[in-house]
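First up is the structure itself, then whatever we jot down about it.
Naming follows writing order (A, B and C), and every chain is counted from residue 1.
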């Protein structure tokens, strides 16, 4: 029995196919880089979304998990020559371990208190990383020496392999989010985000659910950090662990639509498109302009579209699906 | 008689700041009955619920449910053991549908969301909310939000449910419907504790009544006995009952 | 390490605590009345610093005199922020309230970067080098003035809140919005007042430290974080709590720098916050 050829199936399949061949359609590697950055934002924003989007625990400290993944990976690669394919897991796991005390401290708090605590913890980590410069090389950051094309070391001459790695990771994060939506934890997180006390009264162990969501979120963010470090070959404490970075990560999901699977993907596209266009138009002449407009975008979204672009996209998508031919559907 | 008891509250006490909200409160709830809890405003009824269901820790005293000591357990554990409550001020999950609201409760006993969805549908029919299954809970009327509170609690398949002033602010017809619903729950095997100010409802529904005043129990017995108890009449100055 | 060094650190900490108190009071006032946590509060301090700097740079105005300009300007700014950015989201979910001021902070710090460049600025005034010697301890006069200025402003605010009708109305709205409305208070006006005052105090704090602190676009970040610690430790909404917490934070930071190193002062502060949150989540002044 053949699977029905309905728009609900072939549109996503077509999109995937498009993404697979996209690098060959783009004029030069710079554009491939842009898409890789988009995928990176999907990974980070999607990971953030799992805890903060669904359960409403708004973290502004996720840079800590990103930085942990990146630093752990780089240190292992530099000191022990460990393969980044392995440090992807170790870095993610290190971030997960970090999330345990973070959750213990922060989940006692609600609303803005929680957010402030996450900011404080990320900042503390940043300061500590700067302080212990014998290990971390302080403010100068860490670099991975480029060894030429060495797949086992996740180093490639061209951008293409990075593109596909990032694509796989991005799809993985979205797919994990979708799976989570469909199991009990996903529902429980939404309940907690709506009203934690009421959720508890229905037998929901909110502390446990939040810890699990945070662990997953931290792990994926750490993985994103490892990839990014491998892709850019360099990492600095201020950009990796900084509050600005945490804000950026959060904005991806907020602009796209928190608590939805595709929200982070939409947000990543908008974010990266926007960053690139300001850079092209102003060619770096006005430092601060880009971020300033960024902040303006966030304020605008909050004022007029607090649910992000997802509702609009959803309507558009459903309209499209309804209009497309459906050769496989039973009459 | 003791093998019939599902809930035992013994010597429960709690103070907040300088106020003694509940003082040495003791009573029992028997299987399959409807126990009414009444008392003037500020007599500690809601605090009592909070203490029993784990929202606050008692300073002294114990709560025993189905033979297990549940004193001081967090509220989600209390619910998991079969003791569930509704809130005086309804707390729906506002942005999601009625169905999904009830689903959240059903997931406790049915971790598979598909199974839980079916159960949620059944509970929604039981309380009469099918018409609003897909409505966002935040846009329901007050009485429907109350129904939703009850539905969510029922979805957790409790053995005992505590209803906190479910009928406050309802008109006469709505009160009648609520009375019928609660009686049906009892007939289906649920034990119910009802905190109410609406005297007509409490008097007609309850098998027994406990009266609180200033945080402690001043009387206990059948509705008729309570209505004639001079201590009760004095606590209320008789106004509430005669009004109903 | 001898007693003098310790006393020096202690005194520095106490003096700085005055500034932290001023910033914290502004933040706690905004939260207490409007119920929104202002994540851009550090940037309000930064704005005050830049206003003061440019008044000095362009017209030679003494930073302390400049307060007479800085504070009203910041007050108006706060009023505008409340009216156009915060009023629309008063009843919005946490996400909107948090990220609105986060976004504002990003706009402000980058606008400063864009407008004034990343250069570190400082003022050059005659008395910047004056030092008051007390035994072996040296107290820079500018820090002392900052402390006294902060104390004065905090005192004036407390008088305002306790003794004037408007101040009482402000406290009424903070305690119970509905009841205050029944008493004839206009909450919207009080919100404007609260944010205006909060911004003015933050701006004043900025102005007071310009004589001894570099001015640069991201300087707000430090003060924002410290303000959070002060306000949470002191219990959100409590002015007295903020003052007490500021003292603890100021001294802790200073001693932390002395014992752990200049770059770890803030870590000590956060450590205190964490310990406090674990053992007493609602802060020094207890549950609201």
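FYI, contacts are C-beta pairs under 8 Å (C-beta built on N, C-alpha and C of every residue); 3 or more make two chains touch, one makes a residue touch a chain.
The structure displayed is predicted, hence computed values, not measured ones.
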Using C-alpha centroids, which chain lies at the maximum separation from subunit C? B
A count of C-beta pairs in contact puts on top the pair A-C
Using Cα averages as centroids, what's the distance between subunit A and subunit C in whole Å? 33
Approximate Å spacing (C-alpha centroids) for the pair subunit A, subunit B: 44
Distance from subunit C to subunit B - Cα centre to Cα centre, in angstrom: 47
Subunit B partner, complex, touching residues on subunit A are 182-184, 187-188, 190-191, 194-195, 197-206
Residue ranges of subunit B touching subunit A (in the complex, touch as defined): 53, 55, 74-77, 79-80, 84-85, 87, 91-96, 100, 103-105, 107-108, 111-113, 116, 152-153, 155-156
What does subunit C use to touch subunit A in their complex? 37, 39, 85, 88-89, 92-100, 102-108, 110-114, 117-118, 217, 221, 225, 228-229, 232, 236, 261, 263-264, 266-267, 270-271, 273-274, 277-278, 281
Subunit A to subunit C touching residues, read off their complex: 56, 58, 60, 105, 108-109, 111-113, 115-117, 119-121, 123-124, 127-128, 130-131, 243-244, 247, 250-251, 254, 258, 286-292, 294-299, 302-303, 306
